[in-house]
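One structure is given below, represented as structure tokens, and several questions about it will come after.
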Amino acid sequence: MDHLLELDGLSVSYRTADGPLPAVRGVDLVVDAGEVVGIAGESGCGKSTLASTVLRLQPKDAVVEGEVLVAGRDVLTMGWGDLRALRWAEASIVFQGALHSLNPVRRIETQIAEPIQLHEPGLSTAEVTARVGELLEQVGIPAARSRVYPHQLSGGQRQRVMIAMALACRPQLIVADEPTTALDVMVQAQILDLISGLVKDLGVGMLIISHDLSVLSDVCDRVAVMYAGRVVECGSAEQVFRAPAHPYAKALAQAFPRVGDPAARYAPAGLAGDPPDPHAPPPGCTFEPRCTLAVDACREAEPPLLDIGGRQSACIRVGAA
Amino acid sequence: MTTLAAAAGTEAAPEPAEASGPRRSFGRYLAGKVLGALGSLLFVLVVNFFLFRVLPGDPARSLTRGRVVSKEQMDAFREQYGLDQPLAQQFLTYLKNTAQGDLGVSIRYNVPVSELIVDRMWPTIALVGVSTLLATVIGVYLGMVSAWRRGGGFDRFSTGITLTLYSMPEWWLGLLLIAGLSVGFGPLPGIFPTGGLNSIDADPSSLSGMLDSAWHLTLPVITLTLAYLAEYSLIMRSSLLDELGENYLTTARAKGLRDVEVRRRHAVPNALLPTTTLAALNIGFVVSGAITIETIFSIPGLGLLSYEALSIPDYDVLQGTFLLASGAVIVANLVANLIYGVLDPRVRT
Amino acid sequence: MSTTSPPLSARQIARRRRTAAWRRNWALFRGHRAGLVGLCILAVFVVVALAAPLLADGEGLKVTKATGGVLESPSGEFWLGTDESGRSVLTMLIWGTRISLLVGLLATAISMVIGTVVGLVAGFFEGWTSRLLYRLTEWFLVIPFLPLAIILAVVLGRSLLNIAIVIGVTSWPATALLIRSQTLSIKERPYLERARVLGAGRWHQMTRHVLPNVMPMVFANTTLTVAVAILSETTLSFLGLGDPGRVSWGSMLEGAFGVGAMTTGSWWYIVPPGICVVLVVLAFTLIGQALEEVFNPRLRER
């Protein structure tokens, strides 16, 4: 059976004046129904670019290679008509920064109804209105508030509206790009609860992008850690968060200590240095310049993503062990 | 799901009041704009009054500049204009007269300025109204297409043309058009009348007379439209470019909308909002265009009236037309602001 | 970087940083083709204005010394023909460059000083004075330019300085609003708060922190204002409100209109001055837009 989402050797680079700028380099990833997969990484590691390719929404100056299969069909090569039919009906996106991702001068009901009317033109106005009301109730906003404008809602409520909108056409796959960034911690927890509840109830597949590994560990079944455009670690959420194998995954896990985890207090937190300049990547492992465990061999070749005990990691030390 | 709904309640603390809030804040917006317009109007009245009475020293002397007058004549003149009274008293009298529509008497025509204005109003309204309408539609359209195809051939061409038009005194463009299309250039005969509002033998009240007037107004309208549309087009282009960078358009595309629909439903309506405000702020240039274009085409409207009053100088006429032009611009601005308030919920609620 | 060089004084550091900033901005500006074109056009006109006495005899502007016939068409002697008094249009055009640029710059200077001061004060200080200044600016902003300029010009009388004053005092409000909004946003930035906590006086904050940060926008705005000022000078002169003793492009066009040059086919009297106006105004506009993009990162991204 086809996977809900399958990324196959996906590479994206941006055309710039200084030559192509790689953002995503050879990512393979699979999301199945009822499964929540997370992608973690620092800003600039290519995770948002990756999310945008799922519905072929990448900027015009991006060059994409590989395959993005949604329910078995390649999004990157299909015709515009097929693509428009697929967008939102089969896969939808919860964008980051709901304030800017919602049209500021349209009522939220109009914005939620828009994709429904587009993809299910047979529905009567009353049916659409009823569906919008249900959707709002489903994300915890009273249907009576459907006539407000985005600026009249709080940040958390706006994010709820975004989620309701993503559910509007009952898609099988939802991509959530930093869904909780810019929300305070309490609201963040509520939104995460909402998301995992919905995934469980509706049986959809979900791809969540976040820089915050602790957010992902709460809701995800599997997590992939990206660094400099590549997946460097991939495994169950528990494995990646509790016992990360790749030194970068370790550093990322330590950056977000969980309350009540005594180990986190003693581990050195933080990571020195910046991600590599994509125009001039280091010769071997891209993480080598920042790695505290680097050896000479790290500078020779980029280590491949290897299977080790039910998970994958791209570090020569892990492979050797 | 019920627990989630309950949880949602806890974060709803800073929720804006819904029932009475919007109306109240829109009321405040409205009141603010009306007060602002009244302030501007008062400001114009003060400028109008003091500029002519205080700035050039003895007003009686400057009002009679260029003419030889005896001391008795001067005194009589002062008394006639109430210039022997204290300034505050004079200002109040001026306000009262203005409110009653008494704008003084034209030296040149020896009729009340208000009558002159009513007489000369219609050609200006026709000229400015039609040109503004055409310019808005064409300008906004050009700006829209330019922004949508930013950097493309159409954009370069359209922006080049509009920037050149913007850099051009509109009356110079008018002179060129008169030379080319009215007088004719080289072997090419002229098509349009060179100026005026009617042919000598036409009866302005008959249908053929009206068509004749419309024919006379064609070239002035073309000139003014070209002059105005540059401004609107540039404003619309930059507003839409601002809008095109916004994320909600990506959302709209992700929903499966065609690019045309994204533009028509989301980008353009939103870009029109700032365009309204900016166009309102720049409404003063409409007045400038009316003055110069009526001058070069000899259209007997308010613009030509001001121009003729300049050389005499016919102070009461200048003051009257200034007051009228400012008042019109202030009112137009207020209307634009109110429309904006109605269209943009961020202001209304 | 080098360890041998002596430590730099605060002033030297500031100067280096400023030089670096200018170099960076110049690099950005150079990447802007339209801006460069504008700069080249402007350079030509500035050279013409400065070299006017070398290019054409100033005596040629006097009606009494005119050597040509009435409205002669272009010839070997008079490249751009003559006006109604027999003066060379080319000579007038060259000397008119001076007046048009001079009035434009003078008016802009007046407008900038008023606009910057009003904007800074209205943005930086709190209380009723700044509120009143803000209101005043808003009121002034909606008064239509040309009618106000006309009555001011009539009252003040016709002279070069007066026309600059008229344009200056009627065109400052837009600048004031821009400066005010910039000042307001800078006022909220952390470094200004730090300066306040460290005991910096208002004068120090204003001159050392606010003004340097507002300057780039003022600079871009100035260029755009010059364009408007030159356009305004031309229109006011055309309406007969310019200095009667001096030749500017606007006064040439007034003369051309007065003798009906467009109906007699004397294109050489109408076309060249207008083209000069368009080119100079366009040049300033293009430079101003390029500067705005250089100084405003938000515009640059587009």
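Going in written order, the chains are labelled A, B and C, and every chain counts its residues from 1.
Here is the rule we use: a contact is a pair of C-beta atoms (placed from the backbone, for glycine too) under 8 Å apart; a residue touches a chain by one contact, two chains touch by 3 or more.
Heads up on the chains, UniProt names are A = Dipeptide/oligopeptide/nickel ABC transporter ATP-binding protein; B, C = ABC transporter permease.
Computed from a prediction, not measured in an experiment: that's the story for all the values here.
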Taking each chain's C-alpha mean as its centre, the one farthest from chain B (ABC transporter permease): A
Two chains sharing the most C-beta contacts: B-C
Chain A and chain C (ABC transporter permease): spacing of chain centres that average the CA atoms, whole Å: 51
Interchain centroid distance [CA atoms averaged], chain B (ABC transporter permease)/chain C (ABC transporter permease), Å: 23
Complex contacts: residues of chain C (ABC transporter permease) adjacent to chain B (ABC transporter permease): 135-136, 138-148, 150-152, 154-156, 227, 231, 234-235, 238-241, 253, 256-257, 262-263, 265, 267, 270-271, 274, 277-279, 281-282, 285-286, 301-302
Touching residues (chain side chain B (ABC transporter permease), partner chain A) in the complex: 1, 4-8, 10-16, 18, 246-248, 250-258, 265-266, 269-270, 273, 343-346, 349
In the complex with chain B (ABC transporter permease), residue positions of chain A that touch it: 55, 57, 84-89, 92-93, 95, 97, 100-106, 114-115, 118-119, 137-142, 145, 148-149, 151-154, 156-157, 160, 165, 186-187, 190, 193-194, 197, 201
Complex contact set, residues of chain B (ABC transporter permease) against chain C (ABC transporter permease): 36-37, 39-40, 43-44, 47-48, 51-52, 55-56, 62, 150, 163-164, 166-169, 171-172, 175-176, 178-179, 183, 185, 194, 241-242, 244-245, 281, 283-285, 287-288, 291-292, 295-296, 306-307, 310-311, 313, 315, 318-319, 321-322, 325-326, 329-330, 333
